[in-house]
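In what follows, subunit A forms one complex with subunit B and a second complex with subunit C.
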Partner chain A sequence: MAGPLLSIRDLKVEFATRNGPVTALDGISLDLMPGETLGVVGESGCGKSITALAAMGLIPDPPGRVAGGSILFDGEDITHADAARLRSLRGTEISMIFQEPMTSLNPVFTAGDQIAEAIMLHQKAGRAEAGRMAVELLRTVGIPEPERRARSYPHELSGGMRQRVMIAMAISCRPRVLIADEPTTALDVTVQAQIFDLMRDIQQEFGVAIMLISHDMGAIAEMADQVAVMYAGRVVETGSADAILDDPLHPYTRALIGCIPVLGKAAGLEGRMPPLAEIPGIVPPLHLLGRGCAFADRCPLAFDRCRAERPVLEGRPHRVACFAAEMEAA
Partner chain B sequence: MTDGALLDVQGLSVRFAMPRRSPFGERLHLEAVRDVSFSLRPGRTLGLVGESGSGKTTTAMAAIRLKPAHAGAVLFEGIDLLGLDAEEMRQRRRHLQVIFQDPYSSLNPRQRVGAIVREPLDLMVADEPASRRDDRVRELFGLVGLRLDQMALFPHQFSGGQRQRISIARALATRPRLIVCDEPVSALDVAIQAQILNLLRRLQESHGLSYLFISHDLGVVQFICDDIAVMYLGQIVEHADRPALFSRPRHPYTAALLAAAPSLARRKSAGYVREAVVRGDPPSPVNIPHGCAFASRCPHTQPRCREERPLLRADAGGAVACHYPLG
Partner chain C sequence: MGSIAYIARRLVYGVILLIGVLVLNFFLIHAAPGDPAETIAGAMGGATAEMMADIRAAYGLDKPLLTQLAIYLGRVAHGDFGMSYYFDQPVISLIAARVGPTVLLVLAAQLIAITLGVAMGVLAARKPQGLMSGFVAVVSTIGYAAPVFWTGILLIILFASIIPIFPVSGMTGARFSGGSAAYVVEVLYHLALPAFTLAIIFLAQYSRLSRASMIDVLGADYVRTARAKGLGEGKVVFKHALRNAVLPIITVAGIQFGNLISGALLVESVFNWPGMGRLAFDSVLRRDYPMLLGILFFAALMVVVANLLTDLSYRIADPRIRTGGR
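Right after this comes the complex of A and B.
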């Protein structure tokens, strides 16, 4: 079995704030295997997007900085790679699609020109050649009448089509890793379904490894092979999608799954649905995190050790960072 | 039309004038809501579901006269709201309240939250002594799970979920019978969403409230709604009670929405392939197609669908607007 394509090891990212340095990522480790999809799930502020930016070498510095750990791409340490190396990696080896396609496309260039620009930058193609390739890519991502749409400006496209243009741009140089940061949050569900189907088709056709960042457990279930659950800048549980969804070990993962109004379950039930599980309280502000487990204050199973000591990921292949789960297993 | 309905909306239409193409050009209208009828019984929740641009919010806002209607009638406790003059309508407003989607922009940032919750009382029930109103504000804070010492704070000092609790307290202040909930949990994280949904349902049971609940999230709708109206391009395409709609969708669009919504049961590991995918995006509400509005995206389109607009007609307990409803 081949090693991971993208490997994040004990990564620590800090941001300078008015309250002093805040640890946005507190020693997270993730592995993205070739051709697989890794789902990264968590609530707002848990560090999902910072993880994606760090993997692309895009942490804004200052105020942010990588304070420790490493990012390995195909065995190469790119944590402190210079700007030129990062630029050549981005686009050709690792590319990214963002949440809001309207703000990530340039409004004054046509869709075709923007895709062609990426091709001309990273591949040795002339303008005419790049233009032809852009039309082909638009066809690949399922845009009807690609010749005409290549000449459209972003405002003339619907949200779903803009996201397809973003995907076309992202796959233009046949990257091996695609990082998708909440790619469908701004879209309607029928369009979201189309984008997910497209991402799965692309993965099958090009064998690209996808890191899918989402707050939606349903999206993760449908898309991911492996899942990492994040909470307050730490990975609290990782494992296969089935293990995480069917047999969650961390109290946070269990609560997160329990509080989703699940579609389908008890659909035909007469009468009222039972109340949803609740997680009391809110995610603590990062600058107020204590020494112990970040979830301890909201956890039904927390005991003294949880507040004094920070649990680390244990077990294999299903890993969990929780003292209570450890005792349960023992 | 329907006996014992709290809110009975009949043939409601809303249109917005578009800018003229030229000074002498014909004025085009965007038909946001077209001939929508539904009724809501006391103590129940009716969900309005649809994608963006389907007219669900406009329908609700026109029903409580926060947007002007073009045609139709809205009977609230038997009285047509659309026929009332401004003062009569103002008197009615205490029974009709709204919770908005965005708890950040729907609270005045310069007002203390105690004053925000008190304002509807000062406006609507000013005949009550001030001390009674103060007591009511304290009671409301308790009801929605906020501490009394938080009354003197400003909205920015609260989290999103707490702000939505403030919106709920404000909506409850005048003891309304109907609350329009316009995507009240879409801006919240799932953990907070569950708290707010449970709170809304507890309050409904303790206060006998009726909700007109607007959402695009079918999981949320399944949890909180008793009846559901699915909207597409300004029309109701299917109307049924919750068990029927979720277990036996009749309209292909409803089926497509259910197939598209992510669910924990659909796993990549199990080789899940989506059935009933709809193509493309909804058509523009300015140039609505001649026949069925969904015909261009429907997997079962027949020639008749493109020519003749299907009407919403009663069918096995619910109602569906489709020439060829699903089995």
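Right after this comes the complex of A and C.
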């Protein structure tokens, strides 16, 4: 089997703040295999989006900076690649779609022009040819009347269509990695399902590897082959999607899975919705992290050791960073 | 709403506004103390009571005010703005001879202010804590605080005696003779200082505004999208960001046209620029009411036209306005 296409090794990202540097990513490691989908899951503020931006070389610097570790694309270390090399990777090898299709498209250019721009840049196509290719891409991502929609401005499109335009733009130069940062969070539930279907189709057709970032364990369960659960700038559990969903080891993962809403019938409560689950508390501010496990204060299983010492990822291939899980296994 | 219907509606509003300006100015001027007949008589070197009555009758000054207004509006509708008391020539031809230089001065100043202001703002926005940003803040504060007549006089001193590379008075040299191409160069050469003087105060505003607007836009999601596409910084900043950042500049530029025209009045006096400003100034002193009414009307007309053009360029620049979307 080939090695990982995108490999993040022990990556540390810091942000300068008024209170001194804050560690947003504290030594995370992730592997994205060719043609697979890696789900990165966690609550807001756990470092998912920073991970994605780091992979694109788009961490805003200043105030952010990569303080350690490495990012390998197809074996090439791109952690400190120069701007020109990063630009040639972006769009052609690694593409990204963002959470807010409403604001991620430039309001003063047409959808077609924004797609054609990437094609003209990376494939040295002329304007007319790039325009034709943009229309074809719009057809590929399932936009009706692509000729007309190519001439539409973003505000003339619905949220779902805008995200389709973003996807068309992202796949326009046949990248090998697609990073999707909460691609459906801002969309209606019915549209979410359509976008996931589209992403699956595109993966089948183009063989692109997808890093899907989401706070929604349900979405991850539907899409991912591999899963990494992040909490407060660290990976706390990682493994195959089946292993993690069927046999979650970390109490945080269990809590996230517990938050997937279950409909009445499936829950065995005919005609009645069970109450929606929640995880008490919030992700602690990163500059207030103590020595222990960052989740300890919210964890039902926490004991003294959890507050004194930080657990590291253990096990293989299903890895977890939790003392309670270790004791359970023992 | 289509662009044609929009322009038509704006034109109707413009005409109503101009009629309002005419009526209001007419009453304002007649509310001012002083008798124009005396001014005219004074210009003639004194007059008897009989001659005064003749003057009043000749200029229609003996009729009731409302009748005078009706007559005036009727004439204006036919393009007749009456005769200047002082020059004894048609107001319209006096204005026609001077409107060109004023429009030239105002447009040149606006162009300098917008181009330089936006360029400074963009440079400053790239590094909000950088040296250029501080420089823009200082220059714009000074530019904004300094009155144009003072800036103008300082520039005259600088270029008349210290480094005499620009002419400081008039629109052409006193002994100028040459072909039309040479004339254009000569006028632009003379235009440099007055246009720059008038531009400074607005330059200050545009640079601050575009700095703020650009900082805002550079943090927008679509700028990140443009970077994620692999575009270079030049395209990201000057295509994707700037196009959005200039939208507020267009709005303010439209609002500032009126101020530019009133600023031009002072600058024309300082640099002896043969435009409407000098004429307006002199007409106030001479109580040359028809002249003054005509000038005020044309100033209002220029503002109305400028605002219409501003709105049209805004519609071109921002597709969301064009189609009435968000």
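Going forward, the second predicted complex is superposed on the first by the 311 of 330 C-alpha atoms of A that agree within 3 Å, B and C clash if a C-alpha of one lies under 4 Å from a C-alpha of the other, contacts with A are read in each partner's own complex, and residues count from 1 in each chain.
Heads up, the rule we're going with is that a contact is a pair of C-beta atoms (placed from the backbone, for glycine too) under 8 Å apart; a residue touches a chain by one contact, two chains touch by 3 or more.
Predicted, not measured: the structure shown is a model, and the values here were computed from it.
Colleague: Looking at A:160 after the superposition, I want to know if it touches subunit B, subunit C, both of them or none. Which is it: first, second, both, neither?
Modeller: first
Colleague: Counting only touches as set out at the top, which of subunit B and subunit C does A:28 meet: first, second, both, neither?
Modeller: Neither partner.
Colleague: Please indicate which partner A:107 is in contact with in the superposed arrangement: first for subunit B, second for subunit C, both, or neither.
Modeller: second
Colleague: Just subunit B (first), just subunit C (second), both, or neither: which does A:89 touch?
Modeller: Second partner only, subunit C.
Colleague: Which holds for A:240: it touches subunit B only (first), subunit C only (second), both, or neither?
Modeller: first
Colleague: Looking at the overlay, does A:122 come into contact with subunit B only (first), subunit C only (second), both, or neither?
Modeller: second
Colleague: Figure out whether A:260 sits in contact with subunit B (first) or subunit C (second), or with both, or with neither.
Modeller: After superposition on chain A, A:260 lies in contact with subunit B alone.
Colleague: Given the superposition on chain A, which partner contacts more residues in subunit A: subunit B or subunit C?
Modeller: Looking at subunit B versus subunit C, the one contacting more residues of subunit A is B.
Colleague: What is the contact status of A:275 with respect to subunit B (first) and subunit C (second): first, second, both, or neither?
Modeller: first
Colleague: On subunit A, which stretch or stretches are contacted by subunit B in one complex as well as by subunit C in the other?
Modeller: The overlap between the subunit B and subunit C interfaces on subunit A is empty, containing no residue.
Colleague: Considering the complex alone, what residue numbers of subunit A touch subunit C?
Modeller: It is residues 56, 58, 83, 87-92, 95-96, 98, 100, 103-110, 117-118, 121-122, 153, 155-156, 166, 169 of subunit A that touch subunit C.
Colleague: Can you tell me which positions in subunit C touch subunit A when the two form their complex?
Modeller: 220-222, 224-233, 240, 243-244, 317-320, 323, 325-326
Colleague: Across the complex, what residues on subunit A touch subunit B?
Modeller: For subunit A paired with subunit B, touching residues are 37, 43-44, 144, 158-161, 188-194, 197, 200, 215-219, 221-225, 240-242, 245, 255-257, 259-265, 267-270, 272-273, 275-279, 282.
Colleague: Which positions of subunit B touch subunit A when the two form their complex?
Modeller: So the residues of subunit B touching subunit A come out as 51-52, 159, 161, 189-195, 197-198, 201, 216-220, 222-224, 243, 246-247, 256-269, 272, 274, 277-282, 297.
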